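Residue numbering begins at 1 within each chain, and the chains themselves are lettered A, B, C, D, E, F, G and H in the order written.
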Amino acid sequence: MPEVILGSGKRPEQVAGIVKRMLPHSTNILITRADAAAFQQVRKLEKRAEYHELSRAITIHRDHTTLGAGRIAVVAAGTSDIPVAEEAVVTARIMGNDVEHLYDVGVAGIHRLMSNRAVLTNARVLIVVAGMEGALPSVVGGLVAVPVIAVPTSVGYGASFNGLAALLGMLNSCASNVVVVNIDNGFGAGFAASLMNRVCHEGERPNQKSKIKNQKSKM
Amino acid sequence: MPEVILGSGKRPEQVAGIVKRMLPHSTNILITRADAAAFQQVRKLEKRAEYHELSRAITIHRDHTTLGAGRIAVVAAGTSDIPVAEEAVVTARIMGNDVEHLYDVGVAGIHRLMSNRAVLTNARVLIVVAGMEGALPSVVGGLVAVPVIAVPTSVGYGASFNGLAALLGMLNSCASNVVVVNIDNGFGAGFAASLMNRVCHEGERPNQKSKIKNQKSKM
Amino acid sequence: MPEVILGSGKRPEQVAGIVKRMLPHSTNILITRADAAAFQQVRKLEKRAEYHELSRAITIHRDHTTLGAGRIAVVAAGTSDIPVAEEAVVTARIMGNDVEHLYDVGVAGIHRLMSNRAVLTNARVLIVVAGMEGALPSVVGGLVAVPVIAVPTSVGYGASFNGLAALLGMLNSCASNVVVVNIDNGFGAGFAASLMNRVCHEGERPNQKSKIKNQKSKM
Amino acid sequence: MPEVILGSGKRPEQVAGIVKRMLPHSTNILITRADAAAFQQVRKLEKRAEYHELSRAITIHRDHTTLGAGRIAVVAAGTSDIPVAEEAVVTARIMGNDVEHLYDVGVAGIHRLMSNRAVLTNARVLIVVAGMEGALPSVVGGLVAVPVIAVPTSVGYGASFNGLAALLGMLNSCASNVVVVNIDNGFGAGFAASLMNRVCHEGERPNQKSKIKNQKSKM
Amino acid sequence: MPEVILGSGKRPEQVAGIVKRMLPHSTNILITRADAAAFQQVRKLEKRAEYHELSRAITIHRDHTTLGAGRIAVVAAGTSDIPVAEEAVVTARIMGNDVEHLYDVGVAGIHRLMSNRAVLTNARVLIVVAGMEGALPSVVGGLVAVPVIAVPTSVGYGASFNGLAALLGMLNSCASNVVVVNIDNGFGAGFAASLMNRVCHEGERPNQKSKIKNQKSKM
Amino acid sequence: MPEVILGSGKRPEQVAGIVKRMLPHSTNILITRADAAAFQQVRKLEKRAEYHELSRAITIHRDHTTLGAGRIAVVAAGTSDIPVAEEAVVTARIMGNDVEHLYDVGVAGIHRLMSNRAVLTNARVLIVVAGMEGALPSVVGGLVAVPVIAVPTSVGYGASFNGLAALLGMLNSCASNVVVVNIDNGFGAGFAASLMNRVCHEGERPNQKSKIKNQKSKM
Amino acid sequence: MPEVILGSGKRPEQVAGIVKRMLPHSTNILITRADAAAFQQVRKLEKRAEYHELSRAITIHRDHTTLGAGRIAVVAAGTSDIPVAEEAVVTARIMGNDVEHLYDVGVAGIHRLMSNRAVLTNARVLIVVAGMEGALPSVVGGLVAVPVIAVPTSVGYGASFNGLAALLGMLNSCASNVVVVNIDNGFGAGFAASLMNRVCHEGERPNQKSKIKNQKSKM
Amino acid sequence: MPEVILGSGKRPEQVAGIVKRMLPHSTNILITRADAAAFQQVRKLEKRAEYHELSRAITIHRDHTTLGAGRIAVVAAGTSDIPVAEEAVVTARIMGNDVEHLYDVGVAGIHRLMSNRAVLTNARVLIVVAGMEGALPSVVGGLVAVPVIAVPTSVGYGASFNGLAALLGMLNSCASNVVVVNIDNGFGAGFAASLMNRVCHEGERPNQKSKIKNQKSKM
């Protein structure tokens, strides 16, 4: 499990201070919604730190053990949805998953989605990111037999009401394998997908002793 | 143009009384949201009256002249959406259109929609009816190059908020050829589709003298 | 995969008619939101049919193969939430899962929840059902390291706005392993939990050929 | 069909880059919600590029073939609604239509609207743009026998809730020939109106082979 | 000033009991939202009691002194709005006003309104009642130079949200002489209009000693 | 009647340009929501122009004829409500009324209101301005027998939702003499109050020929 | 502390069954939202059971020890608010408080409230119940220096939105001593008021060992 | 009682001016939502003035008499909730209370809350501050037998709707001892808690003569 820091609302030195305390005992660290200035500070502490510009995430990814049983696919409807999708990608990767993405497959161009179906059917868990009408999870959900995590985004204008339209659409999905997270919550989707994708042989039970220490660090 | 009567909130004799006054000078009459009792009364006045049980519409269709230039397709996502779809069908037919329908093609089963694409591509105007997440119009809109009238329905529960989720989804459609009418307003969709489908040779202008006398009769 | 029929809005004979067509080629059938009258009809067709009064579900459970890798725990906050929780239980069981439940553990009596922690930590997937303020999933989410599916219910009055308060609470959960389904959607939670719990050895990919034929049958 | 680019959220060079790729094979190009800086870049690529300041649209209009059967009228209630109305005008023009506009005819000054009725009755399709109470489409709808596309705007304050009041008003229009698009969506109205106005002789079917490639480019 | 009793939620004997206590010292009594059973009881106490079926009001109108300076016009958009309009009419009449009404003049048939303009211009105060999009007050407001009290009604369906659309429309009216009361509040409109219409010579001040004892009796 | 110009959204020269055209034939001019820069321009055209800083209104008040029959009282609950109240004061004054104001009389300090009751009872029309819970109009309405125009303001935070709480409170006032205008609409309140206060001897009818030319100029 | 049972949604025998189990070890029992049939069953078990018709509460009040330090006053605005107010009264009484009530003191008749001020100033805690605009708690709050618990009720129509208007009004109260509970939650107000009113000498701490066993029984 | 000034919306000199007038006759003064510039001005007037950076409050605390009977505990869920919690702390302290705080005890980490239970059980009144899902007051409420004042904060994003989710959650709390104040209203919570905590021997009544002069100063 990586340590997770919510970058927004923290000054660069504050972020660096938290990272400094974590570095000795945490192998992987994820800082969400951070800016380039925070990255400059973190970089000084650990050379392997990377800045993911699209998602505005900083990662310190030192342990690359694969923990996921299958592949996680992250699918996004429009270009404007990519930052949220990338936050999910970065989160799932640092949590030890093989992640594939498929972008720009909005439902108004269904052919493009259909001609890339292999991405969908090769995944054990899917994350589907969409703003505006938020219809993509329902279409994707109908094409696969695995869990689909729908992420509404605040992309849109007017009656999108900052993501409310997409959120309601996803909650009312007619595909039964769709579950939903908060608007723009790419991190949460990546986190939950990683748990769903954990290796788990028949009869085995996940080790409950390792409580998720960092999961309340979001906000 | 047919005369249109909103049946809901009127007693059978009231409906019959209005029909009686209209019969001498109106060839076609449409009564929406009427019940079987109203139909019994109307039937006594005109043997050609028909009751459309699914849509709860009564029609007196005496003049069958075709007024539409092309075909109107009415597409519905789920079984529960059919009553609203049928109201659109009945309305478009009595307004002189060739109408084809395609039901039970929800987006979670995209293959069924795709294997019936001919219905979509043969239409000059489409009416797409859906409740819950209301995603169907966006998918259909992306498959055709003609106007799509989206009709949200109150089908759903919980966060569908009686059709609000579907309505917002349709207003935020990423397909640019989608326009929207009120929740459950199959009549309005059929009416507007009929106007869009009118025969209109290049350069010709519609005859404006025949103002739409009945268009305010809804409610 | 069981066949799933939404019972609400269908007459007993209609339900029985659908079941009759399914019986020859479907081993397991689930009918949600059905009444005792529908059950009487279904019982005549198949003696093994059972009626689950709390959840108002009918099951024809002929193949009892275990398909789940671990256990699914269904947790409910209040007595009034039990019908929704039971819908999740019945769904998860007919989909081949070992299901345990823990009821009446609202957050205002946190001791009762804490003294039953074994139910939580023994599960590979959790379904947490709550109305009113919908706080239980956050507390449970913090106690386990597996996915938690939160189900808001319409239980409450006044400012609960028929489940809206619980829904918003769950979407804003500070526990990152919480995903959400529609208000009162016990079936959807049981369905998604079953997919998350599927046996899946490392490297193995789920068989995508068996598309979920029935998942759009909800509503 | 023109190619359509959504300018908002793109840097001038990005817009110019997309235009550059399109120029060899697209005759007409429309860039919505763009600024003067983007125009400067586009102008360097094609001298015929024009900037429409009110609507903030850039057009490269090289093929002026008329594709519309009749005239499209764009009607706006108040001065503040003109930018949205102009977006509809620019869109309809580049899609090959004869467009006439009528501005500043709010319903509180009904005489001005009535004394300009010829604009309304000469149109085959109308686009009616209004903020605040959004009442104009209902009045206009009652004066014509052709489709009316209502465009709510975010003009107003207080209980207009950024266009929600106008949107709800239009969805509840008592005129049956009114269909609605999203708040401030002048482009969508112009696009849909153009499809409705296409030349279509009796019996002819629109050519479905030319799928709308660009219609999903909005947002 | 009449005494006012809100009939809804009171049993016939309760209404009669209140009337009995009032009769000795009140000349005029108005009971709103009452049923025929309550009227039977009241009739036994005072022969001059009248039941107004459309508005469901009971009046005991014994003093017919004219108190209004001019005429009050009550205008209603649709047939379904008439009960609310009639409540305003009955209220204004028992408060000593000359009341004229004009019904069925919805904005989609603007000609009918325009050809009855004399009703509007002869009034000193107007009450305008409308459901659905609630556009009529704006049109009427622009035709007169006197106060217009707008009454939204719950008439409509779907996105009318039980009168919310009409209410928001009226609050955002572009006519500056429009003020608004609660949904379906015909009584309040009639009451306020009566106060606005009181005889008041220049320099004279209304007698403030007679505090409105009954004005809090609504609900 | 003054000419009215909405200043917001117009540049100083635009405002001055409109004023210049009006000056020859309008005696009184009101410019609402204007800034000091606009005032500088207007001042050059007419020395008698005044800037009302609190309400941000510019007035050119050349004809001081009294047109009101009685006094208009403007009452405000809190200090933050004063700008809206002052807009009402300025509007009512330029429309020929004797205006008195009473500020800082919120309902939580009822004694201050009660000890200034003379201001209330001396008025023929009252304008009551309040944000937050918007309770003041109900209290004032119960103390007088004349019309009360309630103006909700956007003053508040959190659950005031930018004036929605105050607006709903006023629409549900238990005082029957309360009518409501849009949030922050001090101008509309002053305008409507002026019409209510017009001199009108018994039997006399207002001169309808002078239609309100400027009343649609708001926004 | 009494045991508390929520009666709504339970059959008479169920209520009686729970009471039977409680009687041996609980001195005082409160059953909220119960009907006369449930009372009949409970009466058989304990002769001292009483039915409070207005509040629909059943009490078994065997221990009458006074636990409150001062008096609790319950104030209600309108007649329709009394059932909720009475639920608060019954709850506070069975929890050992001296309770006084003051009903029918709506803010539109402020004199009646002012002439009964002794009831307010004699109380150590106040519960103020109001529907519609919910203004009463602000006025009362300004008259006392003790805590005021505001209870919005669903009394009203139209824009009261089932108590939402009153709830928002109370949350935005300009009196700082006002706290709020859920719509129609008379029980919660009575319960919280009782805790606030507990005898507590300086320096003394409440006995924390007696955890509130029954406080989660509401719903 | 301290004098209270709302700092937001006032310039530093305005704040200082008010303080100057108060200093001669008020011992304690609280200025909420003030900035450092205002503090500079106030400091010049009174050396004992302090600036509380987290809560942005200025205090002049000259009389330190203890007025509270027990301790007030202020509990906050997340780091971002601390400014609101601190406003409550500062308010309660200047009103003469012994205040203890417990921060960073969100419900997703229930162990941390449980291991600090002494803070909860030692308090006579609790203030619980939380954003996002607002679940903490319910958990805390179930652990104590004293009043809990819940303060929702605007902390969160997406479906938190600026604190609405937390507010609704708290209003629907299943713990009966929870009462609620407005979003981010730390001051109101501290004020009400202070009143609840006042020393009050059995039989004693609070002194009502000292009406709360400053309680309407909020906003």
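By our rule, a contact is a pair of C-beta atoms (placed from the backbone, for glycine too) under 8 Å apart; a residue touches a chain by one contact, two chains touch by 3 or more.
On a predicted model such as this, the values are computed, not experimentally measured, just so you know.
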Lowest number of touching-chain links that must be crossed from subunit E to subunit H: 2
Farthest chain relative to subunit A (centres taken as mean CA coordinates): E
Matching chain pair for B-C (criterion: over half of the contact pairs shared, by residue number), options C-H, A-C or C-G: C-G
Subunit D and subunit E: spacing of chain centres that average the CA atoms, whole Å: 42
Separation of mean Cα positions, subunit E and subunit B [Å, integer]: 37
Interchain centroid distance [CA atoms averaged], subunit B/subunit G, Å: 52
For subunit F, residues that touch 2 or more chains besides their own: 78, 106, 108-109, 132, 141-143, 156, 158-160, 164, 167, 171-172, 174-175, 182, 215-216, 219
All pairs of touching chains, each written as two labels joined by a dash: A-B, A-C, A-D, A-H, B-C, B-D, B-E, C-G, C-H, D-E, D-F, E-F, E-G, F-G, F-H, G-H
Subunit D partner contacts - residues on subunit F that touch it in the complex: 9, 152, 154, 162-164, 167, 182-185, 215-216, 219
In the complex with subunit F, residue positions of subunit E that touch it: 1, 4, 69-71, 121-122, 124, 141-147, 149, 167, 171-172, 174-182, 187-188, 191-192, 195-196, 199-208, 210-212, 215-216, 218-219
Residues of subunit C defined as touching subunit G within the complex: 78, 80, 106, 108-109, 131-132, 155-160
Residue numbers on subunit A that touch subunit B, as the complex places them: 77-78, 106-110, 114, 132-135, 138-139, 141-143, 156, 158-161, 164-166, 168-175
